[in-house]
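Reading through the structure tokens given below for one structure.
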Amino acid sequence: MDELDIEAVAETTLDEPVLIEGLPGVGHVGKLVADHLLEELEAESTLVRRIYSQEFPPQVTVEDGVTSLTCAEVHAVTPEEGRDVLVLTGDHQAQTNAGHYVLTDAFLDVAEEFDATELYALGGVPTGELIDEYAVLGAVTDESLIEPLEDVGVEFREDEPAGGIVGVSGLLLGLGERRGFEATCLMGETSGYLVDPKSARAVLEVLEARLGFDVDYDPLDERADEMEEVIGKIQEMEQQQQAMDVPNDDDLRYFG
Amino acid sequence: MDELDIEAVAETTLDEPVLIEGLPGVGHVGKLVADHLLEELEAESTLVRRIYSQEFPPQVTVEDGVTSLTCAEVHAVTPEEGRDVLVLTGDHQAQTNAGHYVLTDAFLDVAEEFDATELYALGGVPTGELIDEYAVLGAVTDESLIEPLEDVGVEFREDEPAGGIVGVSGLLLGLGERRGFEATCLMGETSGYLVDPKSARAVLEVLEARLGFDVDYDPLDERADEMEEVIGKIQEMEQQQQAMDVPNDDDLRYFG
Amino acid sequence: MDELDIEAVAETTLDEPVLIEGLPGVGHVGKLVADHLLEELEAESTLVRRIYSQEFPPQVTVEDGVTSLTCAEVHAVTPEEGRDVLVLTGDHQAQTNAGHYVLTDAFLDVAEEFDATELYALGGVPTGELIDEYAVLGAVTDESLIEPLEDVGVEFREDEPAGGIVGVSGLLLGLGERRGFEATCLMGETSGYLVDPKSARAVLEVLEARLGFDVDYDPLDERADEMEEVIGKIQEMEQQQQAMDVPNDDDLRYFG
Amino acid sequence: MDELDIEAVAETTLDEPVLIEGLPGVGHVGKLVADHLLEELEAESTLVRRIYSQEFPPQVTVEDGVTSLTCAEVHAVTPEEGRDVLVLTGDHQAQTNAGHYVLTDAFLDVAEEFDATELYALGGVPTGELIDEYAVLGAVTDESLIEPLEDVGVEFREDEPAGGIVGVSGLLLGLGERRGFEATCLMGETSGYLVDPKSARAVLEVLEARLGFDVDYDPLDERADEMEEVIGKIQEMEQQQQAMDVPNDDDLRYFG
């Protein structure tokens, strides 16, 4: 295998499609959105490309005893309502700095092959605390893209995200702009500690408003409820421990 | 030397051979099996290829004062009973992520050169505890390979191994499948703490049942007995220490 | 994108220009000088080249919601007084050893394109303690360059900097010499703990004396005053804590 | 600069020269030998090649204010007595695994250019304790090389060095053998904690006996005496501290 190998699984023609990227990252927000879209629009989706690369970890996943080589996948989706989309997802990011550049260029190659000129890179932005109101932050390659996003609730803040945007999501904007794409990064606020379906829902609602598709949110809400239960149990355990007031080793040290 | 250099040590013709890979890994299970096979079938074996690579550590081994450059070796074996095999072994894995891809492709090149279309990648799967019954887990590139393996005792479990299969063993399946190989990974359960000849025996028995060769297990059992003695002594020492009930620093802390 | 991509933003002709490099480093001394020069000479400056590279981190910065791909920038400056200069700056160093070589060669390519044959690499040299007199150390590719620098106050010490000069600044001299450049490294002494505008001022004064430009130091002095205030507050806090004489855990341990 | 750049500083013709490698390593044994040889045989030496490489650290050294780019150097030496030699030395090893392969191949290219077919790689082997009798261990690419080395006092031990030989020294044998060199590694025993001129002397004596040159050992012995003084002072300080019997924190913990 060469450093990079794009497998053409199927061909299809799309009408001015938009690339949506949802690889693993903070709170798995981007991946949750991409996976949810593909599940809800399964009937309208076709797997069109697999991208294999030495930049991915040297690994196969195993499901029911059968292995699959690590790759990224691109599905072509023609929803009944709204614009055509290419959904890019996978289980891994690149393993090196240069690898992010190599993979991002490959993803943009695929996008161009299907005549996409717009893209949305999805991710989470960690706040470090539990969240009540799930804001969605935006970053764009061109100022003209800001207003229509603000109209659907996306927030643009002066100095956020403070550290810039790293990895494939960042480079899809950085390299995408240089190749003529109109590119947007949507970042759902998330605590950063847990897989966050609520943050994913907030991002998905923005996408829906912009692209016009129509998906059911119930499965995502169910996952959110499951997460709530997990969080509730953790909080309960913490409170019980405080109530019992068990001295720990550090306390005991001063009683010696 | 180029990044990769395959040295043709000898030529031979094999009849539909099966590649067996046993590089170092968890419990040294794969390497123990490969080494044992080559020792037992020494008279029927020929060293046919050495694979040198910048992906291996920059190192020579020294035996009786004479050095050998780190490499992987492929032996052609024509046992009296059973199928012809190519045995791949060595002392090192690749040192980088991309290196695993490079080496695996080289190993598959050698396999193709000798007309192999099937392969077995061998390894250990760590359980974290001492083991009574040595199960052998399987993973395959195609569902059709499962049944004949289950017939000889290989177990296929829904979500195991949980983290997938990494390194050359994983890629022999991942890249092998893409190049048309029927590939199987056999993983002997092992504690993960020690070299494990018993786990190696369990894997070897599966191979024997599938490929029809006939080897003596005594040397492997002797190594297993030696390991048992080592384990026994460790356990004895632990019990003595507990019996003496020596307080350690952590205990003393609360008596101050 | 290739490993390296030099974007020609604008063309201009310079008269025997000198390349000045100010990338991030110890005390941000070099970058402070480069940024200050560009701000003060904004009217006489033109952005001429952007250098993108896989050797930079895979990252975009975000300002007011609009992203920019990590790069280094070269501005052509034709000051009213003094020699023409090319100012090289950016937000990042290379991420690998080999990357420093790759980027430095690219920077020298740009310098040659604009007919520069002299260069100044700027940086800080850490002393580990707060500084009263800000000395500027020098290192050069040819002995003949020492005297005119000593005439403007640059110090050359027998064994300093002890560990040599690493990164792009070092290689601009090392590779620059091999390509025929007269190259100088100016290193402002700095504690090494904080961004240091005073050290930057000391370096800038040397450059001004050598190259003849004329810039206002007030903004740099204001930043220096701000840093002084920060340092003052830190020292005050330390003194208060000592005055309160709060026993800490380590003290308590001996009272048990 | 390319990944590798061999600069031809001067040309000369040698009579069946032997390459001697002394790069930095354990106890700096190899480098001490190479540097001492070049100092003692300065009148008969010519710098013939500089090897620059991206595999070296991105660094210049500074001496009296003048910089030199990191490189390895090869000197051609025609001593009044004994065989012609090529002495390879430098201040750095390669920074990556693959880099050791790249540099070693470059060094062998230079050796071939000067018609060398034999080589000695020099180094130290750490014992972990102070040494009275400085043995020199050997490793060779061919068994036939052992006897003449044993005749001059080199020891060949069954399983030493246990971990093989890593880095350029190891690869000069491993890659050298594949390119037809008769290659020997001489390893002076050394504690491993300090620069060790005594170990270097032991190695140099072996070389002298094999190659017939005649050098003065006094400067090496003086450096050895200096090191002895340093060691003496360290031991004295340790004894004083024990005599004063100062309880430390760990002791105090049990008195609480």
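Quick notes on this structure:
As written, the chains take the letters A, B, C and D, and residue 1 is the first residue of each chain.
Keep in mind that, in the parts below, contacts are C-beta pairs under 8 Å (C-beta built on N, C-alpha and C of every residue); 3 or more make two chains touch, one makes a residue touch a chain.
What you are looking at is a predicted structure, and each value in this text was computed from that prediction instead of being measured.
Touching subunit A and subunit C at once is no chain at all. Taking each chain's centre as the mean of its C-alpha atoms, the one that lies farthest from the centre of subunit C is B.
Centre-to-centre, using mean CA coordinates, subunit B is 53 Å away from subunit C. Subunit A and subunit B have Cα centroids lying 37 Å from one another. Taken residue by residue, subunit C touches two or more other chains at 253, 256, whereas all remaining positions touch fewer. Of all possible chain pairs, the ones that touch are A-B, A-C, B-D, C-D. Put simply, subunit D touches subunit B in their complex at residues 94, 97-98, 100-102, 104-105, 138-143, 146, 156-158, 160-161, 164-168, 170-171, 173-175, 177-178, 183, 185, 253-254, 256. By the touch criterion stated above, subunit B contacts subunit D in their complex at residues 1, 3, 52, 54-62, 64-70, 95-96, 249, 252-253, 256.
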